[in-house]
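Going by the order they are written in, the chains are A, B, C and D; count residues from 1 in each one.
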Amino acid sequence: MPGNSFGSLFRLTTFGESHGPAIGGVLDGCPAGLLLDTALVQDELDRRRPGSTPLGTARDEGDEVEFLSGLFEGRTQGTPIGFLIRNKDARSSDYEHLRDVYRPGHADLTWQAKYGVRDHRGGGRSSARETACRVVGGAIARQLLATYGIEVSAYVLQVGGIRTDVPAGQLRMKQRWSDPVRCPDPEASARMAALIEQVRSEGDSVGGVVACRVNGLPQGLGEPVFDRLEADLAKAMLGINATRGFQLGSGFSAAAMRGSEHNLLSQGGTLGGISDGSPLYFEVAFKPPSTIAKAQQAMTTSGEEVTLEAKGRHDPCVVPRAVPIVEAMSCLVLADHLLRQRTARA
Amino acid sequence: MPGNSFGSLFRLTTFGESHGPAIGGVLDGCPAGLLLDTALVQDELDRRRPGSTPLGTARDEGDEVEFLSGLFEGRTQGTPIGFLIRNKDARSSDYEHLRDVYRPGHADLTWQAKYGVRDHRGGGRSSARETACRVVGGAIARQLLATYGIEVSAYVLQVGGIRTDVPAGQLRMKQRWSDPVRCPDPEASARMAALIEQVRSEGDSVGGVVACRVNGLPQGLGEPVFDRLEADLAKAMLGINATRGFQLGSGFSAAAMRGSEHNLLSQGGTLGGISDGSPLYFEVAFKPPSTIAKAQQAMTTSGEEVTLEAKGRHDPCVVPRAVPIVEAMSCLVLADHLLRQRTARA
Amino acid sequence: MPGNSFGSLFRLTTFGESHGPAIGGVLDGCPAGLLLDTALVQDELDRRRPGSTPLGTARDEGDEVEFLSGLFEGRTQGTPIGFLIRNKDARSSDYEHLRDVYRPGHADLTWQAKYGVRDHRGGGRSSARETACRVVGGAIARQLLATYGIEVSAYVLQVGGIRTDVPAGQLRMKQRWSDPVRCPDPEASARMAALIEQVRSEGDSVGGVVACRVNGLPQGLGEPVFDRLEADLAKAMLGINATRGFQLGSGFSAAAMRGSEHNLLSQGGTLGGISDGSPLYFEVAFKPPSTIAKAQQAMTTSGEEVTLEAKGRHDPCVVPRAVPIVEAMSCLVLADHLLRQRTARA
Amino acid sequence: MPGNSFGSLFRLTTFGESHGPAIGGVLDGCPAGLLLDTALVQDELDRRRPGSTPLGTARDEGDEVEFLSGLFEGRTQGTPIGFLIRNKDARSSDYEHLRDVYRPGHADLTWQAKYGVRDHRGGGRSSARETACRVVGGAIARQLLATYGIEVSAYVLQVGGIRTDVPAGQLRMKQRWSDPVRCPDPEASARMAALIEQVRSEGDSVGGVVACRVNGLPQGLGEPVFDRLEADLAKAMLGINATRGFQLGSGFSAAAMRGSEHNLLSQGGTLGGISDGSPLYFEVAFKPPSTIAKAQQAMTTSGEEVTLEAKGRHDPCVVPRAVPIVEAMSCLVLADHLLRQRTARA
């Protein structure tokens, strides 16, 4: 089964390479009659573009989504919503020197091994550029969730060794989009920003953690036994470029706990894989970007070692830009389970 | 879409409640002509049953798998492999006092909220008993993987605060099934066993971490962009009862690293979601079991608070018994991707 | 994707070979809380067994369905309904002479070509015996449909050259199960029965047509553009052994009509692939059974020609026994679309 | 599950309404490394456009397909192939008078019943315009099939009461695209053309039958038990607008035959749902178009009767333009089964 679709009833299929004519997608299964604010969708897309924070790469892709179908007089029609985003800033020649090189930590080698062919320009489809389409799909999902009172909010919890320890209730969630790090703790954010700038100046990169909280989730979402809510969320998160881990609620720290202690904690929002009506909470780990300005050893397609220094423009830390993507994928999972739950009872 | 099937081409569907007549499953998509050693399948099943280690519950379910179809003269036929395991030790009356109570940390409340009905006996389908069927499916997958030279080995890495720090190459992997904790480091295992006994004597429970390593994996497995190998593994693992987290390779520790440092590490076995030919490595966190002998507050279906003391027989720590389940789910994911990869090239 | 599952939300997976230990299935996605009368399911199963009409084969398989899961205190639980039917009357030795022969008109050659292996006993999984599991699934679907006031009724329309021409309103539908041909026109039924007896005495076989009418169907079922209601029905019908064709409403006769004439007719129950609230009507053509007592030329697996005379016991005409199977598959399609329609609107 | 995707491994998803900005699709699962001649794809698309035969409507949609992804340096990349076709000739105002009217024989009523909303312009997504995207997907499939020596050829067999009776071997298949009726029997074609012109002059319409033959098909395609090759073909055909029936090989005429007679015939290319290596042959019935110039009674959305005379431009007979669509859907089914067969054996 091809791997470019996500969701069973609320189903997003994406296409597009970094340096092809366009990227885009089809959202099938969105219920009919939803008033869709396409300007809000564009707003969400703007949050993920490279130039959206002063800490990102200098590229300004200026992505504009064009809707091609599925909408009429402001409402969804129950028909598939096709959309596309033209690739404007495609300097393919920047990448000609990578045609015969496998960059370390990148998918170059494995795509070649898998398909026997490879579009070397900007990573082709393995580029994170593809996630823009997920943001579009997720933004539509969010508008459906809003009609149920469900709210999904992700933010940067950690950059390198710096982690916010402000309690959830005191985080300034509404201001996170105006914060350059997307961290709702101004004090921690300032330190994170300084770290990112330092890492950039050193020609290096740094990892981080994105947290996500969902409020307003009704009881009953999640499909035993394989499609538990956290199972589908974990898949969604590990399907984002550069992720290394997913944990629900107490996560890995639960391993060191006693039951008498753990039973008193929030279970992260699910019991037995089904939402329990309490806030859902999970965290996603991101590795530091592999592409760094520092010289690295790489291998050519013919097996020779070469030294590689990244040209082009690259993020020293992906987590600020990953926040809208984590939200988008969460919205897609929840919209899907919301529809699935409609068939649970006779 | 119903949630009781797993995999796209190598596809396991399971059924069965803890206290119904039987549990079982159908494995569809297993290629024809595979010599299947059904005694080996039974061996794997024996490893997960409650009585298999001295540290588990006293129940001895003595599960026996009966194959109903899909095999002829020792070989798979390309037709679905149906199988069942009778429920022998079903003392339903043990659970009558739970008919109107939602146990804390259990799926009782959420199943009721989802379906409007509930089989209260032993957790019904939310019981971990269901995972026996995954072990059967996984054991068949393993025999397919073996023909490709792929080997999947999980083990207990951590129990409570005790963690083995023996380097991977020095772990006694072959002896893990004779170790009561399923930990291939005898020294750590002894301390883990002592901790589990202590926790049991206190009427409490404790969490842990299972690690899994896959050797012999060819390059090219994993389907961009949503069905990355680690995305499907993460879903598989978070679909196991009591799991809290999944991490690949460096996992959450990558968040604190620099790129120049992280690029030198193993990437956990994939690049861009596709296997890179190096060993695959991931960890799975398990919470401490919610059912403990200590008295706990619970809620009845009519909203009253009651004090609950677990009768019956329960594991103080699930990780030793989770090892075969982690292996089984891993084998299912890998067999599926092995078949999917057959269609990658023209 | 494996081919032994049917339906997307109301999903039946079947397993089992003609001469293995058992056949069975898993029905996943049946909504929770449905009062299920399992005796009615057995009744439906009894209608399809070989000995159910005096015109069938002399085998009396006496199939008994055992439910293994998904039911508790008389109601469906939202969990998968597992069931099995033991193979009692399995005289495998009857088939030893067919181990190395490809019977003409049968699937022997093609299964060998597909899988490289083959269970030659009674056709293995290509035997129509497998359809008993569809009847079980369909009978559950019917009880769900009944709660919506939907009624599915198939009957024999034609045997060989004999066709009932009684108008729909005058057919004795309720008595069709006591009619040996399953034809609700006693006069035509008598002639059909005589034809079947004659064909049997000649050691030959004969084809026929089954018609199916659905009353009480609400408007709105069917999913544009590929999963139209008639598209899924056509697939369901051509997935039954020995079928040759499917036609909706006016069917092939529409090819010869003018629009001004055809617009005045019933459209068969759908417009644009979606149910229009009028009765659904379609017909299914069955070929004469390939196995006949007359000597036929066949080919061995090593390419030699041999003369084959059918031993064993075989139906001279399948349509009377096909009626419950056509109904079952129709019920499965409609239950699936009923659930799918629940997600059509925001 | 949403209904706008077709195929399991070779999977086409389409989007677009008749009078929206564009129609298009995503083909996911096309194997990597296929040399794709996009000019040939455009050629196939040209065959289906309204102005392609002198017998069609006067509209000349002049569809041009733009490929957006999945191709690099002339080869498929294993990544999804996104494409779109802009809607040029969208005179929406032509349809304003239909905003509150349900046209007889059209999907207006049923779409409204299903979704609660409706794009009334040109039938919205229920328009046959959507089939252009299937032709694009099918044309890519055909180039994959060609590498296996598989050739799919459909043609008009019957228009109204006129049917070619030239034996298959003597049909001028290669010239069918230059024949205005797409009938490879010049003598019958001339009579069909005259009938279509007569029907048009009468303000009426007429039905027909398209036949399809597949040569070069290897043994072994088709997935028992539900996804038989003919089952998937039947679904594909009944999923085309205006179709009424599907028959394989002897089809409905088999109902009147004896087994001794039928066993000597071609089985239509499959045995037990699996291709047998002989040519595949099936027929598809199309009803006469519902939109005719003659005045008809229609109903408004508020339940009043009105008299409707079709303005706009409409085909008096769809079968000539249906030929490329039947081929496209056949190619999609076969490409899918070709890939599925790759997983049949260990």
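What we mean here is this: a residue touches a chain if its C-beta (ideal position, glycine included) is under 8 Å from a C-beta of that chain, and two chains touch if they have at least 3 such contacts.
Since we're looking at a predicted model, the values are computed, not measured.
Peer 1: How many links in the shortest chain of touching chains run from subunit A to subunit C?
Peer 2: 1
Peer 1: If you average the CA coordinates per chain, which chain's centre is most distant from that of subunit A?
Peer 2: Most remote chain from subunit A, centroid-wise, comes out as C.
Peer 1: So which has more C-beta pairs touching, A-B or B-C?
Peer 2: Most contacts of the two pairs: A-B.
Peer 1: With centres defined as the mean C-alpha position, give me the subunit B-subunit D separation in Å.
Peer 2: Result: the chain centres lie 47 Å from each other.
Peer 1: In angstrom, rounded to a whole number, how far apart do the mean CA points of subunit A and subunit B lie?
Peer 2: Once rounded, the distance between the two centres reads 27 Å.
Peer 1: What's the distance between the Cα centroids of subunit B and subunit C, rounded to whole Å?
Peer 2: Distance between chain centres: 39 Å.
Peer 1: At least two other chains touched by the same residue of subunit C: list those residues.
Peer 2: Residues 1-5, 8-9, 14, 29, 32-33, 76, 78-79, 114-116, 125, 224, 344-345 of subunit C each touch two or more of the other chains.
Peer 1: Write out the stretch or stretches of subunit D touching subunit A in their complex.
Peer 2: Going through subunit D, the ones touching subunit A are 1-5, 8-9, 11, 13-17, 20-26, 28-29, 32-33, 66-72, 75-82, 84, 114-119, 124-125.
Peer 1: Can you check the complex and tell me which residues of subunit D touch subunit B?
Peer 2: Those residues of subunit D that touch subunit B are 1, 9, 29, 31-34, 76, 78-79, 144, 147, 224, 339, 342-346.
Peer 1: Going by the contact rule set out above, which residues of subunit A touch subunit B in the complex?
Peer 2: 1-6, 8-9, 14, 104-111, 113-116, 125-126, 130, 158-161, 199, 204-209, 219-228, 230-239, 241, 243-252, 254-263, 267-268, 270-277, 283, 285-292, 294, 296, 340-341, 344-345
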